[in-house]
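Look for chain A in each of the two complexes below; its partner is chain B in the first and chain C in the second.
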Partner chain A sequence: MRKFFPVDSLARDSRFNQITMKQSQADPRSSLIAQEEKRPKTNRLQPSRPDASDAARSLMHGIFVGEIQALEGAGRTCHDFETGTEAPFALKLDMARQAWDEARHVEISVKLSEWMGTEIGQYAENTVLFEAACSTDPVLRLAGVNRALEGLAIDVFTTMKEFGDIAGDPFLEFCEDWMLADEVTHVKMGSDWLRRITENDPERRKKALEFQSVVDKIFSFGGTRSDSQESPIGLARRFRELAGFSDDEVEDIADVSLRALEERKAFARQAQAEAVEQFSAS
Partner chain B sequence: MADPYKPRAPFAPWDRRQLPGLFDVEETARRVGNYKWAEMKLFEALGGWVATVPELDVKMRLGTHCYHHAWHAELWHKRLPELREMNPDRLTQPANDAMVEFVAALTEPEAPELTIEKLVGVYRVYIPHFISAYTFHMNNTSEITDAPTIRTLKLALQDEFEDWRDGEMMLQSLIETPEEVDRAAAHQAKLEKLILAAGGIAGPGSIGGN
Partner chain C sequence: MTVSVTPSTFSFVDFDADLIRRIGDGLVDALGIDRPVQVEVDETTPLGRVRTDIGDVITVHVESGAFEDSRKPRQQSEEATTANLGRALLRARDRITGGFGEAPADDELSLRQIAAWETYCVGRLARMGVPVNQQRWKYNFRNRHGFTDVADAAFERVWQSDGLTWGELETISLEGAATPS
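Now for the complex of A and B:
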């Protein structure tokens, strides 16, 4: 088995349909723009939204495929690096523990999806999450996956937990709360290892934090997660603090997310305009 | 109430543990180092394979079992300094070169069509050898002086038995044709020959006899 596994080789059964981030963002059915034109008060995922059921099902399916990729990423970190020379033994033990946690999250999200009336493969799988787990430097992997991706998971699970609470679905709220506890642990794991490994290597730490920032922007899913009410998912500041993020780091992520929201809106407007132009020309 | 000052035997009548054991401190440390190395190779392989198997249930089981074996490696790592090996990495070694060759062959399959080979290697060859080596060690070491090793062996064996059962059930559900039976058997035979040459997880004498 080779070291470093390419994202386009991820093994899936016939139900799955994989797409790239570019394909996902070019989708002219962008809910952000559609909602913006109607001037709503909020895009937050709440039971009062007319499309709440479908949006929640879609998000749950996104969580499901994200957990699969997180499981695969943690597993690959156990395998891709030589113990001692490339990654400390204890780091690999943490990654094995994370693989077990992510496997449970896949189990939980499969059952929750079924509970919500979704079938596996009903929505496309965006493989951008695994891409962050393909770095050849374990520190960059931890920054990209544990701090950026798992940080996003904290925001998503907090939103879903609140959704379950408001919607009167204790089953959903219960499960999301358990997954949230694991994610805080994973982010803290990433924060701790980043500091420990780069303690005497400021250049490597800088590079890792820059990579995290890039991934954070990508994982902002074009503004799907931000402090703005236009974003369906909010920034879970309290849980991020528990996970080891400083106030400055949380503010940075808030800024990056807002910028991503504006860029996404501009991109979607352009994609829609091009689609209209192509339709008119035909 | 019974008189608390009445002399009692230090070993209760039902406690039949004995002092003698087959292994001294040095030999125990050597075996524990081999166990740690072998468990590490197993958890690394299981983690790496997660992304390569398309079967969703298998993918999740491999992730779960990956942690079990990482935890065993951690337990052995912690035991080594208690056996006078202050540099655990020094004894974290394969039993011999044949064991390295076995692990290389075990971890070779990667393609998504080779789930049967991956599972056969782990659940019909490697884990049964862990079970036999751990059982031999548990039944032959001193029940009193080496109680910490016995405790770890029991904890690890509990996982090994359950993981073996999971793996065997996954295999039985994946093998659907006589040709696949042959495939599984051929791969098992290939790996068995390699681990035979190694003498087992801890080399010759893994289960006594040498």
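Now for the complex of A and C:
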């Protein structure tokens, strides 16, 4: 069986349309800029937003495809590395348990999407999550998938759980709470294994944490997740603490997310100016 | 009645002004709109808000997300264009043809009132053959009226209705939002 599967070979049926992070970020339109000029400052996903239902449906579909990719990532880690020489058996057992959790999350997400009136594949699938799971070093994969990707999942589930709670949606709040508990466990597994495997290899640990920082910035999706009210998804500090992130690590993620937000806004302004210039010239 | 679209060519998104105009023509005929319609698309934002000004001309201000294919960013969706332009024109027709005189101005409608009116519009579009996902609109209605059997019953009444006045629509909506004892 093939090892180290590339992102463009993921199995999807015709309902799905995949896009890369590069394509997503190349869109010169930005709600962040529109927000500044036409809307109140907060963009946080809350029921009080006029577009709350559609925004929640879109995020729920993002969770659904994220769960598929997390399942694929954890499953690949079980298979891609030799037991003992490249990855301890107990680590692979944890990844198998995680794959089981993610499969359950996929099923829950499908049912929640139906409940919210969304069809499978109704929104474009950004494949950036699986890209973080393609590293050939299991330690980097743990940093990218379990700490960065699953850390993002903690932030997303916390936001959705609060949304369901405020809206009075009994299923959304309940399901997100249970999935959130699993994600905290997944991050904790990643943190524990990262420390254990690199205990006597500070250089490898440093490299893994640097990789995680890069992935965290990418997973901020140009400011979709940050402490700022301009971001739809907040940083779930308390649950991140429970998952084993230190205060310094949480602060680092907060900083990198805010930088991603500002960079996205600057890019969008520049892209819009260029588009206007091209349009005028033509 | 004529339908015009601005801009005539797009640079931020891959939209077709002629397609928007053709869809608009079909809706204006089907709905019996009695005056010209001007569709103004703001392609600088991916958001999907639609706002309408009614005068001698009906001007529909559309953010590009309302006409976009959510599967393929920046591409136009004929289905979304029909449904969202149709909703805006139905609301305009409600205001023009009477029975909605006491309805608040668009920017003074509460989120509950907007959800009820949207449900009323989309239910009628569905009966005209426009493809819509009823569950999506039920979820929106529940978010604004509560996740209760009473709210669901109100949704069904609004969805199935034709020829409501604002007062009748508001009464059903208020009953649906009441907390069950």
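Methods note: the second predicted complex is superposed on the first by the 273 of 282 C-alpha atoms of A that agree within 3 Å, B and C clash if a C-alpha of one lies under 4 Å from a C-alpha of the other, contacts with A are read in each partner's own complex, and residues count from 1 in each chain.
Convention: a residue touches a chain if its C-beta (ideal position, glycine included) is under 8 Å from a C-beta of that chain, and two chains touch if they have at least 3 such contacts.
Computed from a predicted model, the values in this text were never measured in an experiment.
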Chain C versus chain B on the shared chain A, clash or fit after superposition: fit
A:A275 touches, of chain B and chain C: first, second, both or neither? second
Touching partner for A:P202 - first (chain B), second (chain C), both, neither: neither
Chain B versus chain C as contact partner of A:Y123, first or second or both or neither: second
Touched partner set for A:V106, first chain B, second chain C, both or neither: first
After fitting on chain A: smallest Cα gap, chain B-chain C, Å: 18
Residues on chain A lying within both footprints (that of chain B and that of chain C): none
Residues of chain B defined as touching chain A within the complex: 40, 43-56, 59-64, 66-71, 73-74, 77, 89, 107-110, 112
Touching residues on chain C, where the partner in the complex is chain A: 11-13, 43-49, 63-64, 70-74, 111, 114, 133-140, 142-143, 146-147
Residue numbers on chain A that touch chain B, as the complex places them: 1-2, 5, 9-13, 68, 71-72, 74-80, 83-84, 89, 92-93, 95-97, 99-100, 102-104, 106-107, 110, 120, 130
Residues of chain A that touch chain C when the two form their complex: 17, 19, 23-24, 27-31, 33-34, 38, 47-48, 50-54, 57-58, 114-119, 121-124, 167-170, 272, 275-276, 278-279
